[in-house]
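Shared between the two complexes below is chain A, which pairs with chain B and chain C, respectively.
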Partner chain A sequence: MIQWLNDPGNWTASGGILDQLWSHLQYALFALVVATALALPVGLLIGHAGRGRWLVTVANAVRALPVVGLLILLYVMLAPHIHGRGDTVYLLPTEIVLILLAIPPILASTVAGVENVDPAVRDAAAGMGMRGGQVVRRVELPNALPLVFSGVRSATLQVIATATVAAYLGLGGLGRFVYDGQASQNFAERDAGALLVAMLAVAADLVLALAQRYTVSRGVSGRFSRRTLVGDPVATADAPPSTHTA
Partner chain B sequence: MKKALTSALVAVCATALAACGSSGSSGSNGLSASGGSSASGGGTTIASKLVLGGSPEFKTRTDGIPGLERVYGVTFGSYKTLDAGGPLTINALKNGQIDAGDIFTTDPSIPANGFVVLQDPKNLYAAQNVLPLINKAKASPGVTSTLKAVSDKLDTNTLAQLDVHVITDKQDPAAVAEGWLAAEGLNKTGTAAQGVSVKIGSANFQESVLLAEIYAKALQAQGASVTTRLNIGSRETYVPGLKDGSIDLIPEYSGALLVYFDPKATAVSSADVYAALQKAVPAPLTVLGQSSAQDKDAIVVTKATADKYHLVTIADLANNG
Partner chain C sequence: MRFTRPAYIHQRAARADEVADSSMVSARVSGRKGKGGGLVIRFESVSKKYPDGTLAVDRLELVAPSGEITVLVGPSGCGKTTSLRMINRMIEPTSGRIWLDDRDTATVPTHELRRGIGYVIQHAGLFPHRTVLDNITTVPELLGRDKKETRRRALELMERVGLPAHFAKRYPAQLSGGQQQRVGVARALAADPPVMLMDEPFSAVDPVVRAQLQNEFLRLQGELGKTIVFVTHDIDEAIKLGDRVAVLQVGGHLAQLAPPAELLSDPSDAFVAGFVGRDRGYRALGFAEAGRLPVRKEHAVRLGGGLGEARDAAEDGWVLVTDAEDRPQGWLRTDRLPEAALPGPVTAQELNLGGTLAPETATLREALDSALSSPSGRGVIVDGAGRLLGTVTASEVLTRIEQQRVADGRPPARDAGLDAETDVGRDDGEGGEVV
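Presenting the complex of A and B:
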């Protein structure tokens, strides 16, 4: 497997690792963007209004469907309607399946995040004269952001891992190596493909962790550097920080 | 309702996916379209304009893409990795995502869609004649002659038609077997296999089950007492079973069986494979007379494609078009 990964030809060839990595990212990214665009606003609304929680239950129930089964079902339903060259007939079922997989974690965690905003904070926002939309955007979303991120990260892990099935429908992606390796009994290729998928998922999670670190308000995450801690007399004093020795 | 829903889905998502699709697909077509480039110098071949689809292993198998190039000088424009003659390949061929597919010769989709099987005069694909693999102890003259009568009547088209009944129309394999034997006059009661008890097995796919039922009904008509153990699994499971007597007889395919017993075998034509197989089969097993029915890989195109490019054999794909 190491040998297979170390062969530069396997990386740069047409249909090699770089090509498939790019395809894999495209499939996953498209699904995640669509799923977030759908689930985040709906989740905020449900959390804010406190109604429609059944939608979360429904979305969670959809997760119980086996991915490959749904994939084949959608393909068989769509195939008679799409003619001619091109991959649309394979892309549609793949993306639908991935989007369905990504929606529940994002939706559920967004709802939970908004619901768990301290009622006192929400009251204070209303007391300051904020309207419903303002409360959602400026108070509830920032406060719910850590949980929203946990949902998006969990969805990302699942989608990147599951985008492997794109290869089952004749598309590209890192799953190509898993399926081709298995079919041609090139087990080094198969194992390398699986390893690459896992590494990609972990890498994507790290990127999102970084994004979370810089987008979540410090007031929410409680991540203060010691110097700016409220109540620290030195940090609040006029003295330049360089002269301060802890 | 369902139809409206699907077409709506198609409309909404197709545009959104178009961008993703055009670049996403490039990676999966591992073949470089060298046929159309200046390298050959002799104009463009028909094959270079076509997309071939088939199983993942077909890309690297010696009788897959490398074999097409070596034996026929045929290089397709690109290769789409789908499945081994399954629904993906058949749908893709039907709906024009691919122009040619690697499909098995007795596949029910061939008669159902009017697909054209391109002839393979150079035997790129080794012969896969249907024949009975049997424990010698049970191969009495009566059993042998009964099964030979069945094999003599069976050919590829017949088997494909019977597969349509079993696989597409979901009819009971036993009933289909009985119907065919009756139509061929092979169900006349006799005494050729009187007193023999035979345990007939089958591999775990429909055609094997159907063939096992055909053997079973034919032997029963000749007075044998028959029990069946269908859907056993792969060769690795049932060949040991044949040796230790847990089953006595199973329908087999000559080429695949030869490679199983002798991985280095090189015979490709029906006669050569059969001769080599008779030598390669280990005791206490033997093979009986083979039928002309073959279930093997084939390059299959739609009727429209065959007419447009005047395709009869695989070699025609290498012509300039």
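Presenting the complex of A and C:
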């Protein structure tokens, strides 16, 4: 397997590792962007209004469906309605499966994130004259962000792992090596493919962790520089902040 | 024993209206209320009935006069918070109207109404993701005010509520409860609203910080003159802070609306009497100035002076010790001093710090407390700079209380016959009086 990975030809050839890595990333990214664009606003609305929680339950139930079974079912259902246009007939069912997989974690964690915002904070926001949308954008979303990120990250891991099945329908992606290696009994190629998927997933998670670090307010994540905490003169006679011990 | 007097309540309500009207007129004509001024808040037969049938507020008639603190107080479930939240329409009344001056709140869009009303709640409700400064500038930002000016004003407000400027960049999680509440008050004041609603703002902090916040709040209100409606379940807080106190009864009835002193001296019915508490007679003394108390000269010794000299100066085994500037430091017990110690000096460690000090402008309550808390039985009176003026005894303060009752046309409260009174009465002429 190491040998297979060390062969520069396997990387740069047409249909080689770099090509498939790029395709894999595209499949996954597209699904994640669409899923986030759907689940995030809906999750914010459910959390804000405190209604429609059943949608989260339904979304979670979808997760129980077997991926490959669903893929074949969608292909069979959609294929007769799609004519020409290259890979569309394979891409559409694949992306639908990936999107369905990505929605539940993002939706559930967004709803939980908004619900976890201190009721006093929401009360103050409304009481100071923020409109509903302003409360969501300026208060609920920033405070729900750590949980939203945890949902997106868990969805990302799952989608990148599952995008392997694109190759099942004859598309590209790192799954190509897994399926081809298995079929041709080239186990080094198969295992290398699996390893590459795992590494891509970890790399994507690191990128998201970094993004989280820069978008979540320090006031929410609790990452305070030591300088502001240690040996700080508290000018008022109030009790010192409890975070001193942190 | 108190009896219910329904007719009396009506009388009071009518009187409350008069008070409100007159202050409203004077505020408008003379413009004497601070720069924010203040609107009059008027409840007109306001009721709130929840879908489950609970009547939270029942035809409430109430006026919160301009530039004053009106406290709503009552037990849990009396509808005080509901009443407060109906003013900024966080809760919509089922019937009735609430007016801000001549504006019916129901006719104003809610977000617009709320941006013009300061709102402070129990746990401050600061936005965790925003810094102290950003929290304070929330409402001016919503109103689209100039950023630079808003920032400048926010920093000024921080100073006013007792927060050092370097707190501006901090997050709420880095502050103590008391500090958070200061930010909460600054945030509510940022857009300079004429009206402030405060829902148990000080009840989540410890008693020492609470007392401090209350005092600073009163000082701030003295400068700003906002119309404030303040909700609390703590009758002591209500009496301390309120210009007028509205006692609400479970089910949302207004039981009495009166200035604190009147609430204590003349509760309108058994419910109010029970709610204001057993020691209301004593607490009412907190509203009566002691005036010219007969202060006796006290032979005090200096800290660092000789113990022997202290023993000779002592009266009834106790001598008052002051510092070099005549400020009382504590009491020294001399009748138990071992002979061997007498050549030594008076040190701070040996002092009893039990007594409270009363200023010469003391209320009767402060003066009496000073006497009662003093280990020697002699209450220490000090001047504005904290220097010793002399001492009073409890019976002397009681005499003053009796005299004031007589002056008020009420029968003296003596039954037990305080023999000391006659003596004190004589002393009154001779002893040095505080001028």
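Side notes on the structure shown:
In this text, the second predicted complex is superposed on the first by the 227 of 246 C-alpha atoms of A that agree within 3 Å, B and C clash if a C-alpha of one lies under 4 Å from a C-alpha of the other, contacts with A are read in each partner's own complex, and residues count from 1 in each chain.
As a convention for this text, contacts are C-beta pairs under 8 Å (C-beta built on N, C-alpha and C of every residue); 3 or more make two chains touch, one makes a residue touch a chain.
Keep in mind that what you see is a predicted model, and the values were worked out from it rather than measured.
Once the two complexes are laid over each other on the shared chain, residue contacts for A:P142 go to chain C alone; chain B is not touched. Measured by the number of chain A residues touched, the leading partner among chain B and chain C is B. Contact with chain B, but none with chain C, is seen for A:L78 once the two complexes are overlaid on the shared chain. By the touch criterion defined above, A:A126 reaches chain C but does not reach chain B. Looking at the shared chain after the overlay, A:V89 reaches chain B, while chain C stays out of its contact range. In the superposition on chain A, A:R176 makes contact with chain B only, not with chain C. Considering their complex, residues 88, 90, 110-116, 119, 121-131, 138-139, 142, 162-164, 169-179, 182, 184, 187-188, 197, 206, 209, 212 of chain C touch chain A. By the touch criterion stated above, chain A contacts chain C in their complex at residues 118, 120-121, 123-131, 134, 138-139, 142-143, 145, 216-220, 222, 224, 228-229, 235-243. Chain A contributes residues 13-15, 19-20, 22-23, 26-27, 30, 34, 72, 75-89, 91-92, 95-96, 167, 169-173, 176, 179-180, 182-186 to its touches with chain B in the complex.
Residues 2, 6-7, 9-10, 13-14, 16-18, 20-21, 23-30, 32, 51, 53, 55-57, 59-61, 80-83, 87-88, 91-92, 94-97 of chain B are the ones that touch chain A when the two sit in their complex.
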